[in-house]
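Same chain, two partners: subunit A is paired with subunit B first, then with subunit C.
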Partner chain A sequence: MEIWLDTALILVVLLGLFMTGSNRLGAIIQIFGLQSVVLGIVPFLMYFSKIEIHIVFVSLVAIVLKGFLMPYFLFWAIRHVSIRREVSPLIGFGTTLFLSGLLIAGSFILSSRLVFPGPAISDFIIPASFSTIMMGFLLLISRAKAITQVVGYLVMENGIFLFALLLLEKTPLLVEMGILLDVFVGALVMGIVVNHISDQFEHTDTSHLTVLRD
Partner chain B sequence: MGPTISALMSILLHLSVILVFSPFILGVIGKTKAFFAGRWGPPVVQPYYDILKLLRKGSVYSTMTTWIFRAAPMIAMAAILAAGILMPFAGLKAPIQFWGDVVLFAYLFGLARFFMVLAALDTGSSFEGMGASREMTFSCLSEVALFLNFTVLALISKSLSLSGLIGGDVSLLWHVLGPALTLVVISFFLILLCENSRIPVDDPATHLELTMIHEVMVLDHSGVDFAYILYGNAVKLFILGSFLISIILPFKTQNVFMDTAVYLSGMTGLAVVIGVIESAMARLRLNRVPYLLISAVILAVFAFIITLVRGGF
Partner chain C sequence: MLFVLIVVPFIMAGLVFILPNKRTGILLFIATALFHLSCVISFWKKTPQAQWQNYLSLDVLGLLILSIISALFVTVSFYLIAYLKKEEDRSARLFLICLLVFLSTMTLVTVSRHLGLLWIAVEATTFFSAILINFHRAPQGIEATWKFLLICSVGIALALLGTLFMAVAATNIKSLLLEELLSHASSLDVSWLKLSVIFLLVGYGTKMGLVPMHSWKPDTYGEAPGPVGALMSGALTSCAFLSILRVGQICHQAGQMAFFQSIMLLLGMLSLFVASIFILGQTDFKRMLGYSSIEHMGILALGIGFGGTGFYGSLYHMLNNAFAKGLMFLVAGNLYRQYKTSRAKDIKGVLRSYPWTGVLLLAGFLCVTGFPPFGTFFSELMILNAAIMGKHYWFAALFVLFLAVIFIGISKIILRMALGVPRDKSLDHPQHESIYLIIPPVILGLIVLILGIYMPACVHEALQTASAIFEGQ
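Right after this comes the complex of A and B.
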């Protein structure tokens, strides 16, 4: 079972890598959905011997909300503002890929120094969650389009979700649900903002937000 | 006498499999592509016909060229065949193996490439010079990925010869380091596509387009020289492919012929996969190719990290 958990976690990191290297918004959103679905399966693999109702619930909510609802919503958003590609990122795609490689290595080094108090389930979970959070950050700061930044934010949340899975037995369900709801509402608000940007300014390049105009 | 003769037989079988079956893989790729295009396509043995036809023709040399242009195809083919001797497969031992032969293996391909590039520059054609510069650009990225993959396998198998890297008990390692090996396989597959100028990197079917890389370097070669180049490329694809197959299909029965059959069907499967990719994908734009190679490097780095964490070092 451990090898499947490892495989799922590596898949999560790889999908994150793919997102940082891709310039098509559609592909990025689809990969984000796939990453969320894989993340939704991870709790089953982690707690396969003692599956409780709230574990199933968290998984299902994560899969449905982040795997299907959010990508659907984001697709609706890119249809609405009709942009397909990230044309001029602030940091180039090759550099971003290289940086995410460094970040992954850094996460592994960092988490080897950390001692986590609790049941040792897999020593890949913490580095995988760190790398995912870092890659979310990277997407957030290196891309110019508002939608890619929304995805970066969601990827970051995926990393936090992965980290929270370690505490799944102890955290109340409400906290989990609260986080998921927060993210959903956040994405909704950002989507609306993105659409309003496109109505007002005819593009979603956030660097133009620093320029004042009537 | 007994062991000597069986060793000799094994070496003969090893060489004949490499020498005879290499163009067959190209034929399978062609047939797969034809199938996807809805054509009947040339027969699977067409690459053999092509090479035989070219061998019977004379060569034309430009007056601009020097001896390098004439020597390069022979040196390239010889280097690739020498790399084949270091390669174990299907329970057949490599005829030559020593500690550190992975480096020789990698740089025999490097030597072949170096001379092909020199020959391309020797023609004085700016078109070929462009192809040469592209070939070197991409190969310096794929070399990094290649050596990282070798490093991962060397860490896993604690050996620095090709026979140790992939001839050992890889099947046992799949249970422990399956994820790392999967990453190595994907990364190596990307390298294979790049080194053999297959589709996401280069289009082997076009001959006169400004985007091509490898084909443009051999435009001026003709006749016997071109046959050497074609055959050398076929053997190169076969050798790199068999590296991959040895990792994916590490099963060994004790029967040599059985192993060879399994291995050859694996190779055919690989050729079909390459054919499917070539039919389903478009060639990447030239400035996107480095990203593909950087991802191969990063996959290898990731595999390396996982091996360090999981391998108990």
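Right after this comes the complex of A and C.
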């Protein structure tokens, strides 16, 4: 099973890399959905020998919410504001990809220094989670379109979710559900604000939001 | 009882959604706020039982902050009678719904005893306050909302990571319940604990508005409607401070208090420094209040950082600051209603045109800058005393210097607004002011005054019990 788990984790990182290098919003959203689905399968591979109702429930909710509902909602948002492409990113696509590579390397170095107490499941989980968090953050700060920033935030949350899987047996179901729900509501509110931005300014370029400053 | 207190505002929000009338909405809101306050007063007499296997329970820290929230909501609820008069039905109801859910989530922050649940509650407050900021639907309002949402969401995401690191540190304890963590704190893994503390402080510090995670604050407070600003700068920042105090509690029990205090000192000093620079030359009244809020959050952090009497001073200052800021933002709401701007240049001679608002503006100025006999003076003095007792002479000197600079900056703006002759000649004689716009801020001002001249015995006792949590080893 270990080999499948590692494959899935590598896939998660590669999909993250793909998102930071892509300029089509539709593709970014689809890949985000795919990444979330793969992440939803990871707990089955991790706890293969001792699957409990709790684990199944968390995975299914994560897959449905993040893999399908959120991409659906984000697609609705880009249709509504009718944008397709990230035209002028604050950091170029090539540079972003290069930075992502550095971040992945950094995550591996960082996690090799941390000693995880408790049973080790796979050496890949912590570095994969850290690199996903950092790539999400990179996406968030390097893109101008509000929707891409929302996806960046969600990718960050995906990375945190991956880390949380290590602790799945210890966290109560209710708390897990609350966290997933919160992230979902967060994306919803952000999507609504994106619409307000496009209604007011007739674009969703957050690089133009510079009236407020000292 | 605790569960009821969380659920009732939620149900009321549903009722406001169903009932079509703005008037009934406001009445329901006032009733909910009064119910909330009466419950909280009863908690001062008798501590409510823990619920949900200890996930919800109220300790003295939670009680102090819950009281702040409740008192602010009651005063704001009466203020809204006049404030929402001109608004159309639909937007006023959306406003009330969000306020009610906001009340419910903040109550959850004060009573949750599980770090995961605490995170969920703090995160939920972000979204509902974001909707509230954008009430006027102005372009700048949307810009402020977007910055607030994005910066706070990322901050809070880091706090979630910190919470997970805490769970790793607590591998032997197998729980994130505060009771369990505190009683077995010595078995926490120190290196993961430190990592977790850093992430939690950055995360919840973003919500509190400590430098360098403060950049959303002036924008948001500059654009938020007066009553929302009052609740955010008074109640929401106190909730974020509570989350940080919970981290402090764990550090104290784990013997890592010095580590925690050194970070707080750094963040506090930075906040005071940045606030003092940006307050000088500020042209917008509400943005200035945002920087003033950063300053006071810095003072809270410093109080904790100095230790000793600083713990008491910090908690005492939290009470004073919440009500002083509430007063100031309600006054800002009044000014915005009358002048349709918060640019200090366009507002002149408030004392002549609107004598009540003008007097409140000056009183609020004295509260915020820490003038005797207001409570803020004594709490700031206590924190300064803690700095000197703890032999942090340099910090004490800088503390006084920054406060002096901030005093000059604020007085320049406010005195210019309050005094002088109004530009518009028709405003040169006293105008009518609604009683609902005057009484709530007067009450908040009186609370700060009372906290200064005569501290009620029960509050003193509560502050002492709360600060004893952090003292000693």
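Note that the second predicted complex is superposed on the first by the 211 of 214 C-alpha atoms of A that agree within 3 Å, B and C clash if a C-alpha of one lies under 4 Å from a C-alpha of the other, contacts with A are read in each partner's own complex, and residues count from 1 in each chain.
Simple rule for what comes next: contacts are C-beta pairs under 8 Å (C-beta built on N, C-alpha and C of every residue); 3 or more make two chains touch, one makes a residue touch a chain.
Here the structure is a predicted model, which means the values were calculated and not measured.
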Clash-or-fit label for the pair subunit B, subunit C on subunit A: fit
Subunit B, subunit C and vertex subunit A (Cα centres) - angle in steps of 10°: 150
Partner chain in contact with A:97 - subunit B first, subunit C second, else both or neither: first
Which superposed partner A:124 touches (first subunit B, second subunit C, both, neither): first
Touched partner set for A:182, first subunit B, second subunit C, both or neither: second
Partner chain(s) touched by A:170 [first = subunit B, second = subunit C, both, neither]: second
Partner chain in contact with A:105 - subunit B first, subunit C second, else both or neither: first
Greater subunit A contact set [subunit C / subunit B]: C
Subunit B versus subunit C as contact partner of A:17, first or second or both or neither: first
Least C-alpha distance (whole Å) that remains between subunit C and subunit B when both complexes are overlaid: 22
Of all residues in subunit A, those that touch subunit B in their complex: 3, 6-7, 10, 13-14, 17-18, 21, 93-94, 97-98, 100-101, 104-105, 108, 112, 123-124, 127
Subunit A partner contacts - residues on subunit B that touch it in the complex: 175-176, 178-179, 182-183, 290-291, 294-295, 297-299, 301-302, 305-306, 309-310
List of subunit A residues in touch with subunit C within their complex: 114-118, 133, 137, 140, 146, 149, 153, 156-157, 160, 163-164, 166-167, 170-172, 175, 178-179, 182, 185-186, 189-190, 193, 196-197, 200-201, 206, 209, 211-212, 214
Of subunit C, residues touching subunit A in the complex: 114, 116-117, 119-120, 123-124, 126-127, 130-131, 134, 137, 139-140, 142-147, 149-150, 153-154, 157, 160-161, 164, 167-168, 171-172, 174-176, 189, 191-192, 195, 218-219, 222-223, 278, 282, 287
